[in-house]
Amino acid sequence: MHNAKPLPNYLVQRFHGWKATTFADNKAWYKRLADEGQRPRAMVISCCDSRVHVTAIFGADQGEFFIHRNIANLVPPYEPDGNQHGTSAAVEYAVTALKVAHIVIVGHSSCGGVRGCHDMCAGHAPELEEKSSFVGRWMDLLRPGYERVKHIEDEAERVRALEKEAVLTSLQNLMTFPFVEAAVKSGDLSLHGLWNDIGEGGVEQYLPAENAFKPI
Amino acid sequence: MHNAKPLPNYLVQRFHGWKATTFADNKAWYKRLADEGQRPRAMVISCCDSRVHVTAIFGADQGEFFIHRNIANLVPPYEPDGNQHGTSAAVEYAVTALKVAHIVIVGHSSCGGVRGCHDMCAGHAPELEEKSSFVGRWMDLLRPGYERVKHIEDEAERVRALEKEAVLTSLQNLMTFPFVEAAVKSGDLSLHGLWNDIGEGGVEQYLPAENAFKPI
Amino acid sequence: MHNAKPLPNYLVQRFHGWKATTFADNKAWYKRLADEGQRPRAMVISCCDSRVHVTAIFGADQGEFFIHRNIANLVPPYEPDGNQHGTSAAVEYAVTALKVAHIVIVGHSSCGGVRGCHDMCAGHAPELEEKSSFVGRWMDLLRPGYERVKHIEDEAERVRALEKEAVLTSLQNLMTFPFVEAAVKSGDLSLHGLWNDIGEGGVEQYLPAENAFKPI
Amino acid sequence: MHNAKPLPNYLVQRFHGWKATTFADNKAWYKRLADEGQRPRAMVISCCDSRVHVTAIFGADQGEFFIHRNIANLVPPYEPDGNQHGTSAAVEYAVTALKVAHIVIVGHSSCGGVRGCHDMCAGHAPELEEKSSFVGRWMDLLRPGYERVKHIEDEAERVRALEKEAVLTSLQNLMTFPFVEAAVKSGDLSLHGLWNDIGEGGVEQYLPAENAFKPI
């Protein structure tokens, strides 16, 4: 089994650099985080995309955000069927064990997962339709979103709308979890939907009153 | 549905600070990342834990690492059953679409998910045994790991060993994915297993020749 | 012609050491770099001086920096006269073909080329004035810089100021290239001026607002 | 003029990491290098390509190699016409001021500059023929090399042969510099021609006796 290789040297060097500076300067805080456990204020659910660093955008230090990252920042609906649901496990742990006060869904521009869903639903990505495609099956979660945006004529606009549907889908599915719904209703938890424009460095948030995303 | 609330003001302020400084200073790079798409060198799979920031530890900027984060940095085995597998989708996308050269599994000390698995397997967490427990079902992935460490007498030592088993389990399960196995065999992909000691700021890597984790 | 000799043995041995370790551990990445081509984020223009290793100072691995090195890190002004301009060719390739997001000019302390320019301009290096002196003619690029610092009384201070003038001259000359100017104006490219103190291990950057070099 | 921007933060952090580790551990050596000046054993002329790190391949520390990097590792012929010749200045400085014992030319696979020369000479890159193309005019240096390889039928093989011609052209042109020729004849300087295969991690050297490149 164990095919593991040593870490590339440039990463080893960078680690030692971090240890001698950032870690050395914040040793007491790291020790306390280790001794007392984490107590994050918010859970963030964002995409795996290498261009989306919520810790940078929101100046978050170690200990602030409990972060789940998956393809296209999707939360599936509540389905306690005894199977493995990694995203649902992360949400459950954040809400019931860590009692975070916020869950922030962060979508973004040029999302490869959303693009794949778009092409699959438009009939142009048969390989994603196959049962064995993990990306395809995962993006099935966004099929209802495609139905809501498919009337948009301009393709770029349509894909962008679908990226935002991914955020709204997650917000909606979150509310199907009994513990999320209860925490939201009791005022212990608030949900937030964002969309990050990578090239413009912009962030829009979903405002229910306007049923639209607006720049923050 | 739309229970979304406006983002807390402290995060809005931090975003504007980031935009006026980091983004303004790196505009050209963000624009290029947006125009040309991402081309990350490595995929990192780490825990959602708010205390584990791999981008900080390894000085990674936007565009470098494709990052999946879930509870206890676990990769399930290959199971193309048509159901939703978020982690498998992320691995599939990283290896087949992005063609990353490395997958790095990063475990860590004081992992809440691993602790839960330990207690569940030891018979002290009946609530995690319930079918409806997403965390419990997710941590079932690590049950074989528990069998390998349960003989360790000291509890702290046993839990730490189980944290490392989580890394090894993921490395092992990765190799059950045909496209991972093929890429490893052809030399297009290498796998790495790390464990981060939060309080000490240490990183150990798994060395197959010694069948042990050693400080980098 | 072919006066080439076999490589000294100590270099052959070191190569085999690199191949058996660094290369072996990073094979997948080198393969991908070879197959897909380079995509460096930044161009670095630094001196040939053996004491200035920008890849070490900035923890850069293969693939990150497109590096041009010449005497005194100088960029000549735009002169499309059909003659050979190696530095201009490198800048053109970086900006128009590779579309780098940054050009970083790195000057340094104890620069032999700058020292030569200083002595030549001060009338103490007649051999550099000769038409046949390649170093002298190359350092002519910095003569205007000497005019700006010659009033400084202390010699060491004056030479150091001239080293920084070399950086500023390059920044200025870069903007005479139409494709550099266009990319800077469109936000696709940003320029940076650094000066490295070899003995102190320090790096200063030019801040236009203060019209001065300040430690990073 | 001064369009300079602050250095991206990830580079600032990496620098501080380097300073706290590599520099701190080698302070005495850096100080001595600064106080006594450089005394490199060899000059290396390699390509700007981000994938070719001769310091890594040959395990070179600060102070060992005087490195000139330009497009396609080319040395123009001796032409003391009073114009700016950056490469000739670097060679002159290395041989007459630093008295290096070796000049090593390092070519490499997938060289963009060589590829451009190939396409230009084959009539497929009219934009490189333009007087204003710095890359085109620079690559004119390799036109005679193209004449020597154009009979090779297989394109990949032909381009690879041209990459090696770039090394031979530089070795040949070096000998037109009187000070190089004198130092070679007196036995004070030896020349070496290498070609690096990026994907394979291989290095071949030119052996005059066999008139061929052979793996070291």
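The letters A, B, C and D name the chains in turn, as written, and every chain counts its residues from 1.
By our rule, contacts are C-beta pairs under 8 Å (C-beta built on N, C-alpha and C of every residue); 3 or more make two chains touch, one makes a residue touch a chain.
Listed by chain with UniProt protein names: A, B, C, D = Carbonic anhydrase.
Since the model is a prediction, treat every value here as computed from it, not as a measurement.
Undergrad: Can you tell me the least number of steps between subunit B (Carbonic anhydrase) and subunit D (Carbonic anhydrase), where a step is a move to a chain it touches?
TA: Minimum step count, subunit B (Carbonic anhydrase) to subunit D (Carbonic anhydrase): 1.
Undergrad: Compare the CA centroid of subunit D (Carbonic anhydrase) with every other chain's and tell me the farthest one.
TA: The most distant chain relative to subunit D (Carbonic anhydrase) turns out to be A.
Undergrad: If I superpose subunit A (Carbonic anhydrase) onto subunit C (Carbonic anhydrase) using their CA atoms, what angle of rotation comes out, to the nearest 5 degrees?
TA: The C-alpha superposition of subunit A (Carbonic anhydrase) onto subunit C (Carbonic anhydrase) needs 115 degrees.
Undergrad: Using CA atom averages as chain centres, what separation in Å is found between subunit B (Carbonic anhydrase) and subunit C (Carbonic anhydrase)?
TA: 39
Undergrad: Per the centroid of Cα atoms for each chain, what is the distance between subunit A (Carbonic anhydrase) and subunit D (Carbonic anhydrase), given in Å?
TA: Centres of subunit A (Carbonic anhydrase) and subunit D (Carbonic anhydrase) (C-alpha means) sit 46 Å apart.
Undergrad: Just how far, in Å, is the C-alpha centre of subunit D (Carbonic anhydrase) from the one of subunit C (Carbonic anhydrase)?
TA: 14
Undergrad: Where in subunit B (Carbonic anhydrase) do residues touch two or more other chains at once?
TA: Subunit B (Carbonic anhydrase), residues with two or more chain partners: 22, 25-27, 29, 31, 59, 63, 102, 190.
Undergrad: Give the list of subunit B (Carbonic anhydrase) residues in touch with subunit C (Carbonic anhydrase) in this complex.
TA: 25-29, 31-32, 36, 39, 41, 59, 63, 99, 101-102, 183, 187-190
Undergrad: In the complex formed with subunit D (Carbonic anhydrase), which residues of subunit C (Carbonic anhydrase) make contact?
TA: For this pair, the touching residues of subunit C (Carbonic anhydrase) are 1-8, 11-12, 14-15, 17-19, 22-23, 27, 30-31, 33-35, 37-38, 40, 43, 48-53, 55-59, 62-71, 74, 76, 80-94, 97, 102, 104, 109-110, 112-113, 131-135, 137-141, 168, 171-172, 175, 184, 190-194, 197-203, 205-208, 211, 216.
Undergrad: Taking the touch rule as given, give the residues of subunit B (Carbonic anhydrase) at its contact with subunit D (Carbonic anhydrase) in the complex, in rising order.
TA: Interface residues on subunit B (Carbonic anhydrase), with respect to subunit D (Carbonic anhydrase): 22, 25-26, 29, 59-61.
Undergrad: Which residues of subunit A (Carbonic anhydrase) touch subunit D (Carbonic anhydrase) in the complex?
TA: Those residues of subunit A (Carbonic anhydrase) that touch subunit D (Carbonic anhydrase) are 13-14, 16-18, 20-22, 24.
Undergrad: Please output the residues of subunit A (Carbonic anhydrase) touching subunit C (Carbonic anhydrase) within their complex, sorted ascending.
TA: Subunit A (Carbonic anhydrase) residues touching subunit C (Carbonic anhydrase): 5-6, 8-10, 13-14, 17.
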